[in-house]
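Shared between the two complexes below is subunit A, which has subunit B as its partner in the first and subunit C in the second.
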Partner chain A sequence: MPDTSPSTMISLVRETVLPDLPADFGAEADFFEAGLDSMGVMQLVMFLEERFAKKVEPEELSRANFRSGKALATLVNEKAA
Partner chain B sequence: MNPDVLVIGGGSAGVAAALAAARQGADTLLVERHGFLGGAGTASLVHSFCGLYELPATPDAAPKVANPGLPAELERELRAQGIAQGPIRMGRVDVLLHQPHKLALFYDRWCAHEKNLNVLLHTEVASCSVHQNRAAELSLLCRGRSWSVRPRAIVDASGDAVLAALTDHAWESTPSDELQRPAYIVGISGVEPAAFAGDGPLKVSGCLARAIRDKNLPAAVSGAHFRAGTMSDDAFLTLDLAGDSPEGAFDPNDPRSLTWIEREGRETVCAIIEHLRMALEEFVNARVTALPARAGIRESRRWVGELVLTEEDMLESRCGDQAVANATWPLELRETARGPRLLYPREPKACGIPLGCLRARDLRNVFIAGRCLSATHRAQAGIRVMGTALATGQAAGIAAASAESATGALAQRVRKVLSGLET
Partner chain C sequence: MSTTAPVIPRFPVTGTDGFVIALDHLARAADGRGLDALTQADVRGQPDEARLRWLAGELSERMPLLHATLRKDGLLAVPYWECSGDADAIPIEFHRVRGVTGPETSQIDSISDLRALRMRGHQRVSLGPPHIRLDVVRTGDQTWSILMLWSHLLLDGTGVELLFKHMDELWHDPQAVSPQQPSVSDNRPWWKLFQESEACGRHLIKLGSEPFVSASKGRLRTGRRCCFWETFSPEETAKIKITLGRIGGDMMRTFFYAALAARCHQAVFHSRGQHGLSYAVPMPVQQRPKDANGRAAVFQNHMAMFFFILKENDLADLGTASKALMRQHMEHLKLKRHLSFNAMQLLMRRMPGKTMLDLVRLGQRGEIASFYHAYTGNFGEGMTTFCGGEIVNAVHMPTLCAPPGSGLFVSECRDQLTVTVSHLDSCLSESETELMRERWRSDLLGE
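Let's turn to the complex of A and B:
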């Protein structure tokens, strides 16, 4: 079972789209305020689908679900459940 | 036809250089290879002015134009004439959104007003002789017809440092795998506004991600993003491209590479629109309404000037005695086609670009403006934007129109002229 904690999600976002995310970026801090845009979300979706072997459905594509490490962890965990 | 000042390239930098030189009383000739002025802001459909405003000192600080004179005049007029909307805060910066075809008209009229300025479209420089550390005679070319001019001073605002290449002057380029990637931008119409509001852009992104995964669209689509235009039904699709072809790595000065980028850009954006028309109801009536005259190149050759602007100059907001143009845009790295990486100065302050970065190291009568000025690869990522290009163009134009002198004294003269201009 892969690690789907908020801190892992933040690391994944840093790895794929926001390399300059600070080390102390919190679980509820806002990725969009830190520079995440729609192009970044596209890359993140492709990356998450590959990493967790789950499809992100169109209705799950919302700012709320991609806002923070905590939100992303919830999204991925719900999909895994 | 021997002008006092010849300006090569009619983009943001070249237009500003030509206007500034002409307003100083110099008989000025501006040559542009396309059929209209504006450079990236028209020919490549770059639809916003970046670097036009100061970096906001606080989140609620009111936007202020970063440079006096022509940038301030352009900002005021574009807004007053309804050509541009804004300024609009995007994250930590302010931008002005404009309509590319109206910008072309604006530049025509702006230049036509200036009695000392002649503009020749469809004209480029074919060769240049050098005599005693000066660019001497240049051959201009239009549709197979060529003629010579002997200007007193030259501003290279070509974006590609063409005069450095033609004279074998020192220039630098970045290894292909680190170059800023090119962008292919098209105008589109017929998209429902909901696609660009709220969660709309994320739904579009998700739809494209799925199409890439299912191999219905090529991987190059991952560099795509949309932005609503200034008119209700207008939008732009920007595709960042890796630029590497099966035949070779990205090279912004190689016609084979440029040809591949144009074709790849057109194929990919048209495939995106066709796919979205089928997949999303907001795009049922979407269509491509404007192709660029050329793909947007962010970086190619850079001149080696008397001074070389560095990343630290930008991040430390250095501003010395020779400063003649304020650079306020973060270093916007686009070394991949997967979105920007922005590096901001440590304090929200402008870097003052010194005149030595706008002056060729070994040719006394050659000045430089726009994205090919003398800067490192990293610093160029901050100064290449159109708002800053207007400012470097203006400074280079004033300098070129002045009787030649030592760079320090010339910088003081440019600064004196700038201090008397509209803010």
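Let's turn to the complex of A and C:
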């Protein structure tokens, strides 16, 4: 089963949309304050679908679900449950 | 003794700038006026003429692009902004509405008269300054408005909001550091750009393979520039957000409002008996570079462009249309069409504007898109004050050319949503804009 921890999510965000995310970026630190925008969110959605085979529904496309590594991990884990 | 000539700053145009230059050319070819836009902010309190004049001079000193001229490189044919002009203060005029007491000598009958005058624009005789003009209007004992007329050649809606924000910042702190314009150059050779344009080229050919509709019916038209908007109260805006929340999360707003633009145009086209046609929906998504201090670029057009096709059955309701746009957006991202389109724009920015648009229109039966649309989000990233007063509301009034001849734009300020229709009166009638209004009230408020 793939690792869906907050730190993995932060690595994914760094890999896909925010390459300059600091190494010590915390699990609850705000991706939007770090520069995540709507385009980046859509790229993340695509990436999550490819990596975890999880389809993100339109109603799940909220700032709250993409705000931090912890929030993103919760979203992916809830979809796995 | 040797002397070194001062280095004149140059900023090559972005891919999106290149397309805007072509549209500005189209606007000028129609009636001599450029592709300008107007932004109005309504503020509480009293305007401070002396400090606003200082600000107009200070901005020009600090931001060389405000007095730059658009030129073209003789060798590579890439247009660029050259900051060699004198740092003249931004033109600023002070008025009061007739009947309102104040020191201003210029009296106007109403702010809408002044807006109409500015929207009509001026004949553009050069691609140099001034790129913005300010009018400050005392509208009541404790209210005033600022109108900024700006050229789309140099700024886009988000950039204008960042400029407003910086003006307010300087008002509070005259020593504040101004955002520096990052120079965005792309040195890929033309053949590389040509290769990378292929995916987008295929998409645009597909887009043009079946007829789509626009208010101008694919013809070059001139006409009076008109703008009509409705600002919803905070209570109505909250209700709208609940409506949209039933369709999807808050990161879907770009799709909601593009879908709304399509649905409002559908109401018009249906009234004209145009049923069963496709809609070509352009959707700009901001992609702003930042300076060394992490501050977003104020000047130039910075957008990734997406082109979607909506068919009649995609437009059954706002939810269906929003989801159709989202699906297509995902497909575009997977195929990296936005990068491909940017490569195409970078390649085409070398072309004269007329040649560029002739090529675009050739493959699309004279059309460019079914309409224009943009969603600019919260004004000035949520700013609440401007130059000493509380902001009551702020609205953008873009102008556009034909084709397509109409557009629908959405913005927010202080928990109030504004829907704006911009059009040429030769393309949309007043009764048709009323049809649009009925549609947006029905879609957003369930009326």
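The rule we apply is simple: the second predicted complex is superposed on the first by the 81 of 81 C-alpha atoms of A that agree within 3 Å, B and C clash if a C-alpha of one lies under 4 Å from a C-alpha of the other, contacts with A are read in each partner's own complex, and residues count from 1 in each chain.
Convention: a contact is a pair of C-beta atoms (placed from the backbone, for glycine too) under 8 Å apart; a residue touches a chain by one contact, two chains touch by 3 or more.
Treat the numbers as computed from the prediction; the structure is a model and nothing was measured.
Trainee: Will subunit C clash with subunit B on subunit A after the two structures are superposed, or do they fit?
Mentor: With subunit A aligned, subunit B runs into subunit C, so clash.
Trainee: Kindly classify A:Leu61 by the partners it touches after superposition: subunit B alone (first), subunit C alone (second), both, or neither?
Mentor: The answer is both, since A:Leu61 touches subunit B and subunit C.
Trainee: Which partner chains sit in contact with A:Asp37 here, subunit B, subunit C, both or neither? Use first/second/both/neither.
Mentor: In the superposition, A:Asp37 contacts both subunit B and subunit C.
Trainee: May I ask you to name which of subunit B and subunit C touches more residues of subunit A?
Mentor: Partner touching more subunit A residues in the overlay: B.
Trainee: Which partner chains sit in contact with A:Val17 here, subunit B, subunit C, both or neither? Use first/second/both/neither.
Mentor: A:Val17 sits against subunit B, while subunit C stays out of touch.
Trainee: Is A:Pro2 in contact with subunit B, with subunit C, with both, or with neither (first, second, both, neither)?
Mentor: neither
Trainee: In the superposed arrangement, which partner chain does A:Met46 touch: subunit B (first), subunit C (second), both, or neither?
Mentor: both
Trainee: When you line up both complexes on chain A, which piece of subunit C, out of 239-247, 275-283 or 437-445, runs into subunit B?
Mentor: In the superposition, subunit B collides with subunit C along 275-283.
Trainee: Of all the subunit A residues, which ones make contact with subunit B and with subunit C?
Mentor: 37-39, 41-43, 45-46, 58, 60-63, 66
Trainee: Spell out the part of subunit A that touches subunit C in their complex, as residue ranges.
Mentor: Checking each residue of subunit A against subunit C gives 37-39, 41-43, 45-46, 57-63, 65-66.
Trainee: Which residues of subunit A touch subunit B in the complex?
Mentor: Counting only subunit A, the residues touching subunit B are 16-17, 19-20, 33, 35, 37-43, 45-46, 49, 55-56, 58, 60-63, 66.
Trainee: What residues on subunit B touch subunit A, complex-wise?
Mentor: Answer in residue numbers: 91, 198-199, 201-210, 212-213, 222-226, 240, 338-343.
Trainee: Okay, in this complex, where on subunit C does subunit A touch?
Mentor: Against subunit A, subunit C makes touches at 247-254, 285-287, 304, 322-323, 326, 329-330, 333-334.
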